[in-house]
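By written order: A, B, C, D and E. Residues from 1 in each chain.
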Amino acid sequence: MYNYLSGGFSAYLYRDLLLGIRNKTDLVKPLIFFLLISALVPLAIAPEAERLAQLAPGIIWILAVLATLLSVERLFSDDLQDGSLEQMLLSPNMLILPILGKIAAHWLMIGLPLTLLSPLIGIWFSLPVVAVIPMILSLALGTAVLSLIGAVGAALTLPRQGGVLLALLVMPLYMPVLIFGSATIQSAVDGLDWTAPLAILAAFLAIAIALCPLAINAGLRLAKNG
Amino acid sequence: MYNYLSGGFSAYLYRDLLLGIRNKTDLVKPLIFFLLISALVPLAIAPEAERLAQLAPGIIWILAVLATLLSVERLFSDDLQDGSLEQMLLSPNMLILPILGKIAAHWLMIGLPLTLLSPLIGIWFSLPVVAVIPMILSLALGTAVLSLIGAVGAALTLPRQGGVLLALLVMPLYMPVLIFGSATIQSAVDGLDWTAPLAILAAFLAIAIALCPLAINAGLRLAKNG
Amino acid sequence: MAATNILKIDNLAFERNDTLLFEPVSLQLNSGEALHIEGANGAGKTTFFQILINLLEPSAGSIFFRGQTFSKCRYDYLSDILFIGHQSGVKATLSVEENLRWMSPDNTSAEKIALALQSVGLEHYANMPCYRLSAGQHRRVALARLVTTTASLWYLDEPFAALDKQGVAFIEGCMQQHLNSGGAMVFSSHQDLVKIEARSYRLQSYREVM
Amino acid sequence: MAATNILKIDNLAFERNDTLLFEPVSLQLNSGEALHIEGANGAGKTTFFQILINLLEPSAGSIFFRGQTFSKCRYDYLSDILFIGHQSGVKATLSVEENLRWMSPDNTSAEKIALALQSVGLEHYANMPCYRLSAGQHRRVALARLVTTTASLWYLDEPFAALDKQGVAFIEGCMQQHLNSGGAMVFSSHQDLVKIEARSYRLQSYREVM
Amino acid sequence: MNLHLQWTWFHRLGSPRWFYQKTQRWLPWLSFIMLSLLVAGLVWGLAYAPPDAKQGNSFRIIYVHVPASVVALAGYYLMAIAGAVGLIWRIKLSYMLMRSAAPIGAALTFIALVTGAIWGKPTWGAYWVWDARITSMLILLFLYIGVMALRHTYSSHEAADKASAILGLVGMVNVPIIYKSVDWWQTLHQPATIKFTGAPSMHPDMFMPLVVMIVGFYAFYAVSLILFTRAEILRREYRASWVKQLVTDKLAEK
């Protein structure tokens, strides 16, 4: 009596994508969002090309962190409110797969657009061309890690669960991602070997995929005791 | 038969503050957010003092914009969901006062903490001491404008509660505030006259207080047509 | 007390995307009267209430309150009505008492509030945040307003939803008392009433099969 | 069909902040049987359901499913139950059909989905996003699962809330059919039932006056 | 009497049917003017105008860039004003105009940005600089897109129209402010490296085709606005008897 509700990865991936993308404009929105935020930076800081180029790696990565933070919050809270979290927790199978499905959908809607858009932002910020490929690769891996870590924070801070302190503990985990992510780009700009920091990001991703779903599972099961 | 529900400014100000204080997460999130991001910036960009000092005005203002955006989304959507927006629209009095009350509460919970916290961030970023007073003043005025404009966006996007859609509508409107806000601090750093951009911010505030509540009122009345 | 006309509805129609939702409604409501709006799920009862409280605009027809057109007496009208809908306007993070105080007229005394809480059986829950309440208790918080309100025209959309039998009886009692003291009300309910005598009006759905 | 024991509850108790919520419950449920959980608002019916579906842990007592303790048959148990609670798990931005498909077993045929929608009277709304539905229609989307599900043990917390008379009759029909085909169910409702014969169990609130 | 006349005129103007029938007659003329202007301007500008002393032939992109920019800006004001008229006088037609103006304006803005960026590479050595005019053009694009995106939020036409009109008005206050502020901000930091307001006064041989192209773009704008609006009218008024009549007539013709 296998049930769609418990259908795991692809079922939740598909549903969350559907929820996010109801019409064509929904697809364009994350792109515009990134364009807008990155347009803020030169307006607030200096618009000279060389100065922007120096800042570019860091800024792109800060953008990635911000966008994840901004969006990951509602990953589970909508489901809690309308009762579909309850239904998900009722699944006879391991929750790991549905959770990963939801996170994958989140990444496809936030991390991937940012990754694809990053060359354009690079042009805006006069980033050297050699750094474009490393930037894309580091973003692809790194934003996935950010989604995973963010989901842990989201599960712990589900409304009224009082996990604020735990969330505070989770947030600093973004720092290593940020450091190695911008280091990848910076190394490429400086003509150094950029595969080393990238490899570290890949390792982060492997660890995060293994551990985060467990933490999220535990966090979600607490939500009902609020 | 004057009714508390229609009690206008102070009633809504008081209630929203109470709600914010009850929901500890709501209060702590912006703080986590400020501290986290300002800690991330030196990590992602170069940590040399002079370079950071150059970036400080811009970064503090980008933080203010993002924090407002992050939080203003829920200004009316919670009320819509639990039906209290309906009750507010039923008030026999002008809606302007309750709306301003809610916005004032939002500013007290977001703009004011950021303003008060800004000297700390200034120290982190080695901002010269002369710029501290202009920074505080510009933030105090500017974040209020951001709250007002953000509320217009929140009211218009109410039926969809789209974080990204809201950002899309509101960010272009934020740009002048951002520019004059960081210009105030920058002028002070450069030893120029910083009262001129500050005066412009004050003018923005006056215009926004006069016009935004009208737009919000109209927007809220459309919410039932979602 | 001579029954005075409180509400008069003339050929009220509502269109959504160029389709009439229900057959045009014409109605009269006098003081001391209760009107039970009936209709299947989706007939348009909630929509009808939202037109009455001026959240939606009717496509045609007019509403008179105590003989005046709506636009002439907006202030008087809105300060004399009470509306409780499907979503009851109870704030989950506020306590029961805070919620009731917030939703009651300004000069409601503390005793009145305590009395209202007692009437709906929540006297021991005064300081509990509302998100901890059960579905029925949540609804009772909103309905406690019936005790504290001073409005003379009540609009109640499904007031009995989620209430247990004893709760229903209490609300019916409140309603009867309001009618006796010259108030008027329009309400919808899918359950049969026990105590109140109410004229009923059936909303006829206009929906043609597509 | 010989009635087999499906659910056995032994001295189940639940404490919150060191206070028992209800008197310990002991119960048996056989196939073909319906159990009506009664109790005033706040008696603990919803809490009881959440214990049954393993979202909350009981403070004492045990639950057996087809003779096995819960921990031994977690997978079988969870794949054989259906739960519909106060919040029905309907996604507001998905369309009616998408919601139903999503909440139905994997291999449900398109005809079955169409049939389910027709049974709950939503055949014309298949493509409407659920946030546009009326309260009762919203509830009907969730209840359409009763037609598509293959689970044999149903837990229904207030299934009749917001439904009109005809909707209640239909759901009762569904429930009866499920019983006839050897299923079992536990449900709560404040309304009296018309069609179904159900054993009723009254949750006794344990609350001492504070 | 006089007043009465005025009002009937006003309402006739606001009637979608009146608009639909009138534009039926205008369209061929307008299209003809548009085509001849665009063709003449393009041939003149691309083939006959002399190459620029400094920029060689790359300057010729001006014949697309400048008209697109000019019309995109004007189009925003037209859209916002149409929205305001709709809000104040509740005229359906002006909402329809507003709705149709958004995608056209967005497309023109996009063209202006892309042609500007392409032009920037050979002249400034960078695709993008943060100059007042360019930044405000970018913001304009976002405002257009915002107006378009907002529509999907509401189920009823009227609500969506009102919301878009409010946003359009707020944006209208904003565009000049942004222009001014970016200008001001730029000069604060550094003397602007590139400024095209003081562009070398153009040779008439280059300038005349530009004028022709600008007028041509305006004509193009008018034609597309009319076409979009007519489609919108049919979409929204499909229940009106004159539209039904129109459809049966069209079917009978075939």
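Here, contacts are C-beta pairs under 8 Å (C-beta built on N, C-alpha and C of every residue); 3 or more make two chains touch, one makes a residue touch a chain.
A quick note: this is a predicted structure, and the numbers were derived from the prediction, not measured.
K.L.:
Going by average Cα coordinates, which chain is farthest removed from chain A?
P.N.:
Using the mean of the C-alpha atoms as each chain's centre, the farthest one from chain A is C.
K.L.:
Relative to chain D, which chain has the most distant C-alpha mean position?
P.N.:
In terms of C-alpha centroids, the chain at the greatest distance from chain D is E.
K.L.:
Counting C-beta pairs in contact, which two chains come out on top?
P.N.:
Chain pair with the maximum contact count: A-B.
K.L.:
Can you tell me the C-alpha superposition angle of chain A onto chain B, nearest 5°?
P.N.:
180
K.L.:
Could you work out how far the Cα centre of chain B sits from that of chain D, in whole Å?
P.N.:
Going by mean C-alpha positions, chain B sits 45 Å from chain D.
K.L.:
Using mean CA coordinates as chain centres, what's the gap between chain A and chain E in Å?
P.N.:
Centre-to-centre distance between chain A and chain E: 37 Å.
K.L.:
In whole angstrom, how far does the Cα centroid of chain D sit from the Cα centroid of chain E?
P.N.:
Result: the chain centres lie 57 Å from each other.
K.L.:
If a residue has to touch 2 or more other chains to count, which residues of chain D qualify?
P.N.:
86, 132
K.L.:
For chain A, what residues touch not just one other chain but two or more?
P.N.:
22, 29, 32, 36, 39, 43, 46, 81, 160
K.L.:
Any chance you could list the residues of chain E touching two or more other chains?
P.N.:
Touching at least two other chains: 135, 139, 142, 145, 149, 152, 155-156, 182, 185, 189.
K.L.:
Would you pull the chain C residues touching chain D in the complex into a rising list?
P.N.:
By the definition above, chain C touches chain D via 39-42, 44-46, 86, 121, 124, 133-137, 139-140, 158, 161-168, 190-191, 207, 209-210.
K.L.:
Which of the residues in chain B end up touching chain C in this complex?
P.N.:
Contacts found on chain B: 1-7, 11, 15, 18-19, 22-23, 81-84, 86-87, 89-93, 221, 224-225.
K.L.:
In the complex of these two chains, what residues of chain E are touching chain B?
P.N.:
135, 139, 142-143, 145-146, 149-150, 152-156, 158-160, 162-163, 166-167, 169-171, 173-174, 177-178, 181-182, 184-185, 188-189
K.L.:
Okay, in this complex, where on chain A does chain E touch?
P.N.:
22-23, 25, 28-29, 32, 35-36, 39, 42-43, 46-49, 123-124, 126
K.L.:
Please name which positions on chain B make contact with chain A in the complex.
P.N.:
Per the touch definition, chain B meets chain A at residues 23-25, 28-29, 32-33, 36-37, 39-41, 43-46, 54-55, 57-59, 61-62, 65-66, 69-70, 81, 162-165, 167-168, 171-172, 174-175, 178-179, 182.
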